[in-house]
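You will see two complexes here that share subunit A, one where it goes with subunit B and one where it goes with subunit C.
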Partner chain A sequence: MKLTIKLFATFRQGRFDIAEREFAPGTTVGQIVDQLDLPREKLGILMVNSRHVQLERVMAEGETLAIFPLVGGG
Partner chain B sequence: MDKIVRINMGAAGGPQVTTEPAGEFAGLGGRATTSMIIGKEVNPLCHALGAENKLVIAPGMLSGTSGAMSGRLSVGCKSPLTGTIKESNAGGQAAQVLGRIGYAAIIIEGKPAGDDLYKIHVSSAGVKVEVDNSLKLLDNYPLIEKLRGQYGDKVAYMSIGSAGERLMHAASIACTDPELRPTRHCGRGGVGAVMGSKRVKAIILDDSGCKQRAPHDPEAYRDANRKFVEGLRKHPVTGEGLPAYGTNVLTNVLNEAGGYPTRNFTSGVFEGGAKISGEAQAELETKRGGSATHGCHRGCVIQCSGIFNDKDGNYVSKQPEYETVWSHGGHCGIDDLDTIAKLDYMDDNIGVDTIEMGVTVGVAMTAGLCEFGDREGAIRLVEEVAKGTPLGRILGSGAGTTGKVFGVEKVPVVKNQALPAYDPRPIQGIGVTYATTPMGADHTAGYAIATNILKVGGDVDPLKPEGQVELSRNLQIATAAIDSTGMCLFIAFAIMDQPETFQALIDMLNAFYGTNLTADGVVALGKQVLSVERDFNQRAGFTKADDRLPRYFYTDPIAPHNQTFSVTDEDLDSVFTW
Partner chain C sequence: MRDFLQNNACGDLLGNEAQQQFAMKFELSAAAAEGEILTLGFLPARYQRNRKMLSLPQQLKLHQSCVAVAGCGGLGGYVIEELARLGVGKIIALDPDIFEAHNLNRQLLATSDQLGKPKAEAAAQRVALVNPAVELIAIQAALETNNGPQLLKTAHLVVDAVDSVAARLEIGSLCRQQNLPLVHGAIAGWYGQVTTVLPGDRTLETLYRHWQGGKGIEAELGNPAFTPALVASLQVAEAVKILLATGDLLQNRVLTLDLLRMSVETIDLIN
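Right, the complex of A and B next:
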């Protein structure tokens, strides 16, 4: 299945801002995080369709996953 | 910091300076000091620009010490914008310098007859108040340039621009940064107009010959400070994200979450968000020879700020923060960082709150004064404020007044203060803070974004009303306490997640003052500050009907979540039940 992955802040370094990638059906958010070599302890926010998701969330064809490291501001 | 200096600007025969012991305010600082003095000494029914109002300036409990992050300065008064009590704080050098000079507070009261303009010089030799009409209507950058010619670069300056002199309700008080730029503003609530009403143009803080404040137990203090700094460096937000991208890292976050108020709160997603994001901003700043990492005062180890240059490498402004990038950017449909940086400079120079000013421009756009997305139009509107034209005075009075004058129905204000950069419909927790804080709509008063969106300090679903009241209550209490310490609020990200870093802060307070404060004591201080503030507002005529969001947040859903604010009135009324 085709998914769009968006990375932000430090996660972009050495990777990409936004990319369309092919994944096996049933791939979870956690598997994508691991495939991209994103350190789990630095994970902040994971969002699909403007909603927070957990690592166990199974992705569906055509969805966009946004991955942020822990960030703050205000 | 064992004394308070009182300056009566309205004394017969000219301003009169008296010094008194700090008394019951000894050992307090920042917001606790300003709110308790205002609560005790100012008639809540007074006119905010009248002789009865007072402007209280207080360094934090740890300002002027060797402690990291301790340079927040609090300014308090009755607000001309909201009619409530007000505490507005800023970074910059002022708090450290004032702390070292040794004043727990400067109280400016009364009001001179006539239209002479004054400057106040504060040093260890005492306080001098002088007429200087050559400063009239100078804006902050040229004003500081001129004052530096006389007082040099080893002092800190606080000042108002033309907006403060013109008593505009959006007027701020500027504090200079380590490079003596007037970029750090006590922005919210029109505190600059109160300073203007007292005819005080500038305060020069000179700590020459003064030493750092000495802790009760120097060794324990050094030790606790070291642990505190370690904790800040270790946490990904304070050690990595904020230094690299500043607060504007939030543009992409809020946009992805559908909580980014776009075109005057009509959508939760801005299609131009990526172009004005913190990532884009940091890249541009670095490319142009500016800087994406800069501290607003010496002793800041997070360094969330930066320097924004133009394409030729010339200084435009300090790095506009997330709130400013939003208010002048997405809120107005503007997706250009150069325009936003120029507006940031103009706001700092004129001396207006960037949140209030940007939100006002967006309301003016709703009214049809120019189109959403019109960069030149936005600049023209702010130029009117700089010139003090009748239109400029309306805009400089803030979003609420501008909305009324131009017949705009949907104006995002609570207690007449503009909502900041988070929509309360998809982020219900921040809505509770906007509605109930004694300050009028203010995100910093109880930053529920941390837990609702960023998942720092816990996890509460932003889309549901459940848990939001408790969250906002706890954050408002903690914030009132932190605002009293002089610590920059951004330490909260680390102390919410790391108990040992919170303990290090408490240890710093105890080592400094020789006290036995516990976490419960910190909570008690926060509650005490909030109670004093709520009591002032009640006596000023505010009721629970004022602790509400504008009606349209309850009736008009916005994309992408298509939901309204759904925390009940009963729940809102229970925020301060403890």
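Right, the complex of A and C next:
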């Protein structure tokens, strides 16, 4: 299935801003995070269709996943 | 009192000097005088540019409000400044730290003469200069589970302006226990986020679900001058809406800012 992945802030470095990629049906958000070599402990918001989702969320054909890093400064 | 105000006001606007004379004549503190003036239907002249968006009863409501600001650094300095200029009557400013040279690039309260001095005390000095009618309680300590219930007794809401995820989660849990709204803001380099947590919500637990200790990306990016000013302003807008029970809040939504690309997203946190 074809998915659009959007990365934010430091997650773009050495990767991409936005990319359309092919994934196996049933792929979860967590599997995509791991494939992109994103450190799980630095994950902030995970967004599909303007909503925050869990790592276990199964993606569907044509969806867009946006991945934000954890922001904690003041 | 009403006679004095009628004789010295211009319409319903009371000039700064007349406000001070009113306090002296009736032996009131600056804060108490402001309360009387607003209650009697007069507006201190300093608030005249507020009045097209805040009614006199709303200005009085702000005067009667108490906001606790956890952290007097990058976010907290601007939050306190704006709350004081708005006329929020009581601000509890908490920070255990002193100013260091690396604060000078962005923290409003950090000035060369304040290096080595407590941040909370600097907040008190600043607010005394900006708006003497605002009572600022300076606490040189972090807001924590053990001191929170006592310190927050008179607070109507808490602003999260701290710099660690552990402290944010502790404040989130404290506010839930104390049934207080919490306005969260966090920054890292060009990026920032704001959300409002109402009692019962578990928004911070959702946002920081993957956190396993340590800092976020601010550890690698640092923070410039403009990101804290912007995120703090958004937090104050949320705080004012909570105090006045008006507008739409960022409840169960997080607003994220990317100032490098100038993109703003609002993300629903409820599935």
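Simple rule for what comes next: the second predicted complex is superposed on the first by the 71 of 74 C-alpha atoms of A that agree within 3 Å, B and C clash if a C-alpha of one lies under 4 Å from a C-alpha of the other, contacts with A are read in each partner's own complex, and residues count from 1 in each chain.
Assume contacts are C-beta pairs under 8 Å (C-beta built on N, C-alpha and C of every residue); 3 or more make two chains touch, one makes a residue touch a chain.
Since we're looking at a predicted model, the values are computed, not measured.
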item: Which superposed partner A:10 touches (first subunit B, second subunit C, both, neither); value: both
item: Which superposed partner A:53 touches (first subunit B, second subunit C, both, neither); value: second
item: Touched partner set for A:40, first subunit B, second subunit C, both or neither; value: second
item: Partner chain in contact with A:72 - subunit B first, subunit C second, else both or neither; value: both
item: Intersection of subunit A interface sets (partners subunit B, subunit C); value: 8-10, 42, 44-45, 47, 50-52, 66, 68-74
item: Residues on subunit C engaged by subunit A in the complex (per definition of touch); value: 71, 73-76, 160-165, 168, 185-193, 206-218, 220-221, 223, 228, 254, 256, 258, 265-271
item: In the complex with subunit B, residue positions of subunit A that touch it; value: 6, 8-10, 12, 17, 42, 44-45, 47, 49-52, 66, 68-74
item: In the complex with subunit A, residue positions of subunit B that touch it; value: 235-238, 240-242, 244-250, 252-253, 256-258, 268-269, 278-279, 304, 321-323, 426, 443-444, 447, 449-450, 453-456, 461-463, 489-490, 493, 560-561
item: Subunit C contact footprint on subunit A (complex, rising order); value: 8-10, 40-45, 47, 50-55, 66, 68-74
